[in-house]
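Chain nomenclature is as follows: A, B, C, D, E and F, assigned in order of appearance, with residue numbering initiated at 1 for each chain independently.
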Amino acid sequence: MAKKVVTFGEIMLRLATPGYQRIIQATSFDATYAGGEANVAASLANYGIDAYFVTKLPKHEIGQACRAFLRKYGIKTDYILMDGDRLGVYYLETGASQRPSKVIYDRANSAIAKVKPGEFNWEEIFSGADLFHFTGITPAISDSAAKVTLEAVKAAKKAGVIVSCDLNYRKKLWTSEKANKVMSGLMEFVDYVIANEEDAEKVFGIKADNTDVKTGDLDDSGYRQVARELLERFHLKKVAITLRESYSASDNGWSALLYNGMEYYKSKKYNIHIVDRVGGGDSFAGGLIYGLLSGMSDHEALEFAVAASCLKHTIPGDFNMVSIDEVKNLMAGDGSGRVQR
Amino acid sequence: MAKKVVTFGEIMLRLATPGYQRIIQATSFDATYAGGEANVAASLANYGIDAYFVTKLPKHEIGQACRAFLRKYGIKTDYILMDGDRLGVYYLETGASQRPSKVIYDRANSAIAKVKPGEFNWEEIFSGADLFHFTGITPAISDSAAKVTLEAVKAAKKAGVIVSCDLNYRKKLWTSEKANKVMSGLMEFVDYVIANEEDAEKVFGIKADNTDVKTGDLDDSGYRQVARELLERFHLKKVAITLRESYSASDNGWSALLYNGMEYYKSKKYNIHIVDRVGGGDSFAGGLIYGLLSGMSDHEALEFAVAASCLKHTIPGDFNMVSIDEVKNLMAGDGSGRVQR
Amino acid sequence: MAKKVVTFGEIMLRLATPGYQRIIQATSFDATYAGGEANVAASLANYGIDAYFVTKLPKHEIGQACRAFLRKYGIKTDYILMDGDRLGVYYLETGASQRPSKVIYDRANSAIAKVKPGEFNWEEIFSGADLFHFTGITPAISDSAAKVTLEAVKAAKKAGVIVSCDLNYRKKLWTSEKANKVMSGLMEFVDYVIANEEDAEKVFGIKADNTDVKTGDLDDSGYRQVARELLERFHLKKVAITLRESYSASDNGWSALLYNGMEYYKSKKYNIHIVDRVGGGDSFAGGLIYGLLSGMSDHEALEFAVAASCLKHTIPGDFNMVSIDEVKNLMAGDGSGRVQR
Amino acid sequence: MAKKVVTFGEIMLRLATPGYQRIIQATSFDATYAGGEANVAASLANYGIDAYFVTKLPKHEIGQACRAFLRKYGIKTDYILMDGDRLGVYYLETGASQRPSKVIYDRANSAIAKVKPGEFNWEEIFSGADLFHFTGITPAISDSAAKVTLEAVKAAKKAGVIVSCDLNYRKKLWTSEKANKVMSGLMEFVDYVIANEEDAEKVFGIKADNTDVKTGDLDDSGYRQVARELLERFHLKKVAITLRESYSASDNGWSALLYNGMEYYKSKKYNIHIVDRVGGGDSFAGGLIYGLLSGMSDHEALEFAVAASCLKHTIPGDFNMVSIDEVKNLMAGDGSGRVQR
Amino acid sequence: MAKKVVTFGEIMLRLATPGYQRIIQATSFDATYAGGEANVAASLANYGIDAYFVTKLPKHEIGQACRAFLRKYGIKTDYILMDGDRLGVYYLETGASQRPSKVIYDRANSAIAKVKPGEFNWEEIFSGADLFHFTGITPAISDSAAKVTLEAVKAAKKAGVIVSCDLNYRKKLWTSEKANKVMSGLMEFVDYVIANEEDAEKVFGIKADNTDVKTGDLDDSGYRQVARELLERFHLKKVAITLRESYSASDNGWSALLYNGMEYYKSKKYNIHIVDRVGGGDSFAGGLIYGLLSGMSDHEALEFAVAASCLKHTIPGDFNMVSIDEVKNLMAGDGSGRVQR
Amino acid sequence: MAKKVVTFGEIMLRLATPGYQRIIQATSFDATYAGGEANVAASLANYGIDAYFVTKLPKHEIGQACRAFLRKYGIKTDYILMDGDRLGVYYLETGASQRPSKVIYDRANSAIAKVKPGEFNWEEIFSGADLFHFTGITPAISDSAAKVTLEAVKAAKKAGVIVSCDLNYRKKLWTSEKANKVMSGLMEFVDYVIANEEDAEKVFGIKADNTDVKTGDLDDSGYRQVARELLERFHLKKVAITLRESYSASDNGWSALLYNGMEYYKSKKYNIHIVDRVGGGDSFAGGLIYGLLSGMSDHEALEFAVAASCLKHTIPGDFNMVSIDEVKNLMAGDGSGRVQR
């Protein structure tokens, strides 16, 4: 029987300028729907997991279109509440070479930001679930969303569900101080933590020595230490850290490491020519969760996650749309990109 | 020397589905920027008026793109404040035949909605101005916007500037009760009022007898009476009422009447095969203001306004982009649509 | 609890030239997925029915994309078999004025055309179902599809499920002789029949006197007689006939009649300015089924169906995407197409 | 064996704004290639005629793309000279309802405008030809083009080829005085003349009484008289006059009459909902030439021409792309626009 | 006088997702027409060869559009039969970086697959021809197509025409066993063979030692041996092998070698940043045939072919559209990509 | 107060094929407006300079659209003359990898090419101005344009305005001999000269030794000498030379050097993955002028200019649209292209 995974958070209308247009040039926007936890659910749905995304959407046509988008990609929408006034929006300008991609959020006062404790029936939601995933964005969007997140992790724990969290620090949403406080309260219920090369420092002040994110000089040993500190401080089962080496907006190195309290695993590194890098981290989380739930070893799961997210960088939109076979082919070493007929 | 007209209000990002797609089908949105008062300014700029649009836009790229859009169409942006967090959005689904166009607003908490009295230097803004135009939408967007509107009309009056107001009732923004109260307070400073066939009733409870808006049976005599009541109650100089006969979303009859306290003028009626009907009323206001400022007789100005707005219905986007010559050709009877080479 | 309706048939990739391009001009095709029974399911899903579409799709990405498309529009895909080689294709060139729309089918040897009896578990499929709908296209696509259709209607009857059939004669798929033979065998299990102004003649030789389809002169009394003959010959419960008056490819009259063995009901007639007329008949069937299942009177259901399908003509693609409220507004007489804000 | 028809003139890059955009709004232009005589050749190629278009195109990629475009639509390009600097351009803004379509020419100094007598080998070109067609645009583009046109008609006459001319007056290219002088010189070699409701007056001062082109009030008897005067003054074999009733840019009435020195024929009139009306007259010429060359009676040829050009109005671009069967179906009365499956 | 080359095979509608979309994301497909032998003809037409493509296309609009597409690019369509039911389709998803391009064929039962011996008049077709080219795809599409291919090569030989064959093994169409048998029968009539790094092994079991296609480690000496074995086994005049080093879907190395029984030539290697790599091999064949027919030395012809196909990788669609000058510039060492003004 | 800069020259309609299409493939062109001096003005407007572009545009809709485009990007259009017949056009095919971008000019006889001395009121134009910029294209477009350029530089000098000139040699517009003569006459009034690696040689015969532009081997010392010779020969204040290393159409190295008569500065070099390289040199000029006018040191201004133009290569269209902050971030070393949220 398919595993059941629940993810909870905000989904937004993503309005991206076509090609490499700057926003001032755009006379149309490509419209998809995206958000950290929905992105993870999309990955999982592709791998055959019963992936439920929990959120609150306005009843009007934009909310309906968002729900239809989720359904299209196989995400279960049964627990979504249809209420509230607005869906958040994010504008995306895709960068190239030395010009970075730029994201402008217009997400305040969304339906999910105004959610109140007690609105979701977490007991029903976690019934039969294997894993619950959220990111650090969800508690950051509003105080009440933070409360509902706490409600959710407690209910998950009570239901015996594994809890996974991607730290995903967003400086536009809260300060490091507030993030530290809120996230520390949630960590008690968390089993797996995923972070990128900046999150641990920004949220918990745990810094890798000898690294410079901007130049892409990512010192492995520093991040091993970060993983260990995270795991120990919060009594986690596993910590995974993604390592992005940003040579430019067009070309990145991409790898990750995982620490399970006993062993460190370092994945293969992929040099990626980028089509769309937004959602890259979420596709890693989706791959890792699938790997761990489907019985892979920690090392295999890590390699699966990195290969899956490598492929994500070649797909427009936040969602990763790759099959298990495609990921495994890449893990097995076929990165040749030869035409498949 | 060119006349100077100031308009004040909210402008939004207009996200329209391409063709006749419903929102659920859209994978992109056509992006323009629009709002009642900006639309009027666009009309006026086409006619050679120095048309200033006053508003508040966020500093980020979406705000900048909006300002650039205004500049493109010749609107003066000198008095626009660049501050605040968000630009309002409206989603548009263009209807056809029996299916109405649908507008979904996501405009709460926009930069302009959060404007505070004292932020604009009205004295400077109205220096040398000939006319100030606003619509009933501006005071409806927030209490503070209403206060700033009052501030504006008072300053305009003080500066000896003609004040024109399009009632433009929006039921999603306020109730008839509130509209009545706020708008009545503003009317004291208003010279010209423009209304469509519903506004006077919804805002001031002044109803045309024997009419049914939905069937398009627009009884002329009823609306003459509405115009007179409006003019008399608020000591106005002129009242113009647009008369839309909605045969369907694709085909409308379009005409207007004007009362100046002495004479009633009824315009020619145009049967229009519609390309984009949003902004039709604003293009009427723009035409009327131009006509009156440029020395046309009331009747001529009315015919100019109706012909101008007839043409607007054939142009995608809210803005009317027609020249004086094009309007005058239509006024002169050439609605044949013969190719001009 | 939501009603459960099952529809069964072929769905194809619909490749439509953009705008009014002829096929020779096209450098891209707009891609959707469509087919008579899937179209009906789409209508029903919009109205809150649990609408299951049963078919067979190839496993490859085109088959998957088709399934995702169905899911997006709320159609349940649980019973779809993923197997076989190809998805049928239909090319569409949208006509205008005197130039008719043109459909080119490339559907032979599709996965569903090669279905074999015994592949579907009809007992499970019809468990809890309220109605089964198919069209005359399904048995026409291949002999084995005809056998599976017979299997289905028998199972439906056995499960106490109402059976509805849209005759939908397709001359490219079979001859009148063969259609007559096969469809007559299926009619024994059918409760409701839907037909357009040509089907009854082409399939069963039941002809309306005094009518000429091409000129749009649709004689009502002739079609009443057709309905009665159909009902009596096959012991049906209800017969509905859609009446299209083709003034041109751009403008049609659209109405329908229903006979239930006791009363004849004639619907209101809509004059429609057409956006996309393909799928119009299916949206009628969807509306009628919804009306009848949801407890409307026969006359109300007929009006609901005609109003729903009137709206379909304004929406690109085969699927009708309208809400119950939108249909009821039109039934209630608001065809004015006024902007809804 | 297929008939051979030669047409001679200018072809331009046609840059049309998408949808109903005004030029100021356009961020892209739809690109096709078009010109009166090439349009006629395109029609003829569709009907199976060996249609040669003679012109001069620059060697560079734009000239090559133009030649490829001609080839795509079956036009023979064997006699086209590849030389010179530029291809003319015309910008097109498609009108709707009361807003006329607008054409801006940028055609001066094109390769063909600079053609010199002696550059074309007319003897070879007319070898085996049945008919030569040109329009009044060709001699108008430059004095040397006028000389080459004269060269061509003389050579055609010498080769025993029927000569057909569409008057096609263009006020931006020359005055009525000059047109009269040049065209009168060419008429001596012409057998068939085609004109629209304005041409005869503008070129030769032959005016229909009691008509007003702008209001669409086209008096039949007036145009009969024009046809007779034309035929008699220039000793023509046949004169055809197209009659466009411009209700608006979206809807036109369309018919024609033909006079052969003995009988007047008046065609059926079509009321057309317009997609693209540019090239309408050329598609009439193409239809008429085909009809006459293929042995139809004058009346049949006229009806064929009108039906063909009626269909042209529903096709984007200047070229008519309809088959003989499609035209004959419409001639036979099927203007119902019913979907053809 | 221009050389005459005949190519024979299947052409399909190519439906490619725009940008880097996956098929599930696509709401439109870019439509071109493509197939191995048509691609070669397109190359040759660009170089001034009289390039005839022989196939069978359905009479309907899709078949006609395909023929028009061929004509546009200068390919002679005189010998194409217009008959049969369908044109094959292939779906293309363009890959990037580690994600390979994916091709889904839907080509069974196409008009050309159902061709019967005797349908083409090969004697006429080869009259005056200099070279006949086919690929291993043509005999693979059906048994009867294989028979017609044999018919063709025999007729070519009889007419004294050089025969060229690109092995082009397609595992979806036949097994290595069958390919070996059928192709061996055809080889007797072949003069030139072109193969990629896999074909010789898959079709004839002739394997290059010490190479690994997936890693791009292409051992030159291994392929020299393959060329020799091919040449000797089938008494060929020349064998060319293309060598693709797939670093990723975005970047490839590209070179080739040629053996003429006496000398081995190895071309320059190009590192290519890929726009569209489908049709790359065919553009090599087109370049090689042109080079050899136009009197280049074997080495020059090889360099011409590799440079031509290098350029193909930068052009969307299967067809190569480059001039002789462009190829020669690259051969001469200008790969700088500096803007040409 | 903002600095005032005036630029003078030709602006054209830029018609670019979408994606990497060749011109023969294009069915639409992306339309922007571009020209060396307008491009510089666009850069400056982004940096807050009052940037006036002086030219002559036809009054018709294409001229108006061009002016609106300038306004959109913040360029002052007050001094533009609206008169004349045509706007020049340039066609652009964007290259990739070994295939160069190709530009086809159709600019002869444009409104600005026909400008006459005395038409511009230079005294008014230069009133309050800080700098005047033109390129070697302006005097090349026609003899009268050369005269007006001379008129302009003299007036600038008289008004005490700094004069800057980008040599920008265009071999399609004039010969080296003529360029030398005309440009030498203008140099007397010039303070700053900007050139690329070829200009100095082509215009003034000043050649860098030991360099090969095509292979991208740009010898620094050679260009230092070129700069010195230029400065000394024409008594310039500063000479800047951009150094493009064309690895391919997709990847370039980009740097520059500046000589002020005392010191040589060599900028950082950027390796750029190119989106659109046309306008790259102009964005360098814009950056340099801004840097120098805003009080940066020569070295800083050079680095600002190179960083700014590096970013330009990632933006579609000729105009650079980057903020001072974006340029400074890159100057400060952040070329990582990390997403900015």
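Note that in this section a residue touches a chain if its C-beta (ideal position, glycine included) is under 8 Å from a C-beta of that chain, and two chains touch if they have at least 3 such contacts.
Just so it is clear, the model here is predicted, and its values are computed rather than measured.
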Self-contact between copies chain A and chain F, residue sets same or different by half: different
Candidate from B-F, A-F or E-F with the same interface as A-C, over half of contact pairs in common: B-F
From chain E, the most remote chain by mean C-alpha position: B
Rotation angle (°) superposing Cα atoms of chain A on chain D, nearest 5: 180
Euclidean distance of C-alpha centroids - chain D vs chain F, Å: 44
Rounded Å distance between chain D and chain E, as computed from the means of their C-alpha atoms: 42
For chain C, residues contacting two or more additional chains: 22, 24, 27, 68, 72-73, 102
Parts of chain F lying in touch with chain A, wherever the complex brings them together: 72-73, 270, 272-276, 310-311, 313-317, 321-322, 326, 330, 333-341
Chain C residues touching chain D - in the complex, by the definition given at the top: 19-22, 24-25, 95-103, 105, 170-172, 213-216, 244, 246-251, 277-278
Of all residues in chain F, those that touch chain D in their complex: 15, 18, 22-24, 26-32, 60-62, 64-65, 68, 85-87, 89, 91, 93, 102, 104, 106, 108-109
In the complex with chain D, residue positions of chain E that touch it: 68-69, 71-74
